[in-house]
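Per-chain numbering from 1; labels A, B, C and D assigned in written order.
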Amino acid sequence: MVKIQLFSTGGTIAKKYDEISGELIFDDNHIQKMLIQGRCSASIEVTSILSKDSLEMTDFDRDVIFKACQDTFASKVIITHGTDTMVQSAKKLSTISDKTIVLTGAMIPYAFKNSDALFNLSGAISAVCTLPRGVYICINGQIFLWDNVVKNIKEGRFEKLF
Amino acid sequence: MVKIQLFSTGGTIAKKYDEISGELIFDDNHIQKMLIQGRCSASIEVTSILSKDSLEMTDFDRDVIFKACQDTFASKVIITHGTDTMVQSAKKLSTISDKTIVLTGAMIPYAFKNSDALFNLSGAISAVCTLPRGVYICINGQIFLWDNVVKNIKEGRFEKLF
Amino acid sequence: MVKIQLFSTGGTIAKKYDEISGELIFDDNHIQKMLIQGRCSASIEVTSILSKDSLEMTDFDRDVIFKACQDTFASKVIITHGTDTMVQSAKKLSTISDKTIVLTGAMIPYAFKNSDALFNLSGAISAVCTLPRGVYICINGQIFLWDNVVKNIKEGRFEKLF
Amino acid sequence: MVKIQLFSTGGTIAKKYDEISGELIFDDNHIQKMLIQGRCSASIEVTSILSKDSLEMTDFDRDVIFKACQDTFASKVIITHGTDTMVQSAKKLSTISDKTIVLTGAMIPYAFKNSDALFNLSGAISAVCTLPRGVYICINGQIFLWDNVVKNIKEGRFEKLF
């Protein structure tokens, strides 16, 4: 069976409601909950390397992601990531040439009833299993090459550049 | 953009609760509801060709599915299907050599809180966009070739034959 | 704190999807799951005395329910019950004069996304805490006396008789 | 049929996720969505009079709530309200002696999968239909008199004072 390494970094997909503070916080178990709901039988190693909104990610954070991708023995890597700077992180990873790396996330956290998170995670799993080496974003039913995608911030969706 | 033809045929994925009869019936809009929840921006044409439990599918029904796949102009085809005879239908379609055909379904109907339907649909969308011509089953995080898959009925999951 | 005895007897409210058989079966933990989701801090003792569709309930089954209500030390009793013969069971209990007994159930099982189960359970809890001795049905935002209620089977809702 | 006036004022119960800003905002239709899910057949007039976190409510806001309760022709009034200052608003309303007023809310917004909102709304509906004149808080399976309740902020639940 193909072995997949999933690095979670936070982002919208990971948020849950904290009833004491009344704020959205990161749920450490969101990926495991999704894999269970999806009855996922793929062999996926889940590692949390960051818990951040992607707007707050620093160059240092992107270095952490880069090193994690570079160092893993897996040739298939999924990164869950906030959508706002997902394209930036994809670009940063584009020099890694020996792996298939797929970034995904969600427009609505998994904890919400109308979340797209489960949909996006599974799309990324199929994508990472089938695509050749390279860096991709897979979200909301589409797969983009890292250098041909932009987030349309006004409409809240990813689009091809050209 | 890649154009995908989705044929829905019924199966577990499509069931909802009928409050008058107290029974599970087929929901004609289950695919559209899932594409909306997934905020899917892929170009997918949805056509309902059958509404059946796959255990009740006849040879004639499989002919209907076969002809639909053969006749569509789309080169990428997704079939939502009951899990019990999904492998049989995949085999029937295996002589179609000019298309990528991906069958999927669910162990738990989309209408249930703990459903794997949304997960499976998206996995099939990525799979159909990336796989070469051939017939596949994509479900619960795994992609199978039509001639190397069996449903483990006792445990309710798909497995490789060898 | 008021002590409430809840007897669960099955019915629509209790159904979940069995992925092996593809059928609706009774979920032994449905009441506990609802009390947890409702963060219920009322003192409620939950006892399962039957697991049946109410259409299949026999006179013997109704005797079991009657005896359970008669014998409990609690003066406040909730019964979760299938909707089809809920009125019949309410009538059977109407000779118990030293308790407040509230029957409730659901049109859609708790396991479904669009279920009314959580709504109905809580309505019954408030009702049993506030109503005088007697037998009532509390469902879908209304409270009915046992002898002034009928299920409108065509439209799937409870209505006053006069 | 008893006529109930429901005033919504915002609070946790009303929040949904805004996918453009990534923040929680008020959902104008949350009460209607809940009444539909609960298949509520009670006669309830829903009026939104405020959309605020209860921590941000001013004396002026509480005057608005007070006047709305005082002026309505309905003798049964439900107020959905943020939990943090719900007790304060209940106290403010305690001089209204000709009505049954029940305040409720939620620890988790209705938009989340694990929300207690539906549970609490229905508890309030039964409570307002059965309780004598006075001002009450009904939440998480319990009914409190306005002058015998406090929110335990650390544990996120309401408790009796004595």
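In the analysis below, a residue touches a chain if its C-beta (ideal position, glycine included) is under 8 Å from a C-beta of that chain, and two chains touch if they have at least 3 such contacts.
Please read all numbers here as calculations on a predicted model, not as lab measurements.
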Neighbouring chains common to subunit B and subunit C, by label: none
Furthest chain, CA centroid comparison against subunit D: B
Subunit C-subunit D separation of Cα centroids, rounded to whole Å: 25
Length of the line joining the C-alpha centres of subunit A and subunit D, rounded to whole Å: 38
Distance from the mean Cα position of subunit C to that of subunit A, given in whole angstrom: 44
Per-residue overlap in subunit B, given as positions that touch at least 2 other chains: 107, 113-114
Touching pairs among all chains present in the structure: A-B, A-D, B-C, C-D
Subunit B residues touching subunit A - in the complex, by the definition given at the top: 1, 34-35, 37-42, 44, 107, 114-116, 118-127, 129-131, 138, 140-143, 157-158
Contact set on subunit C toward subunit B in their complex: 12, 16-17, 19-20, 22, 24, 53, 84, 107-109, 111-114, 153-154, 156
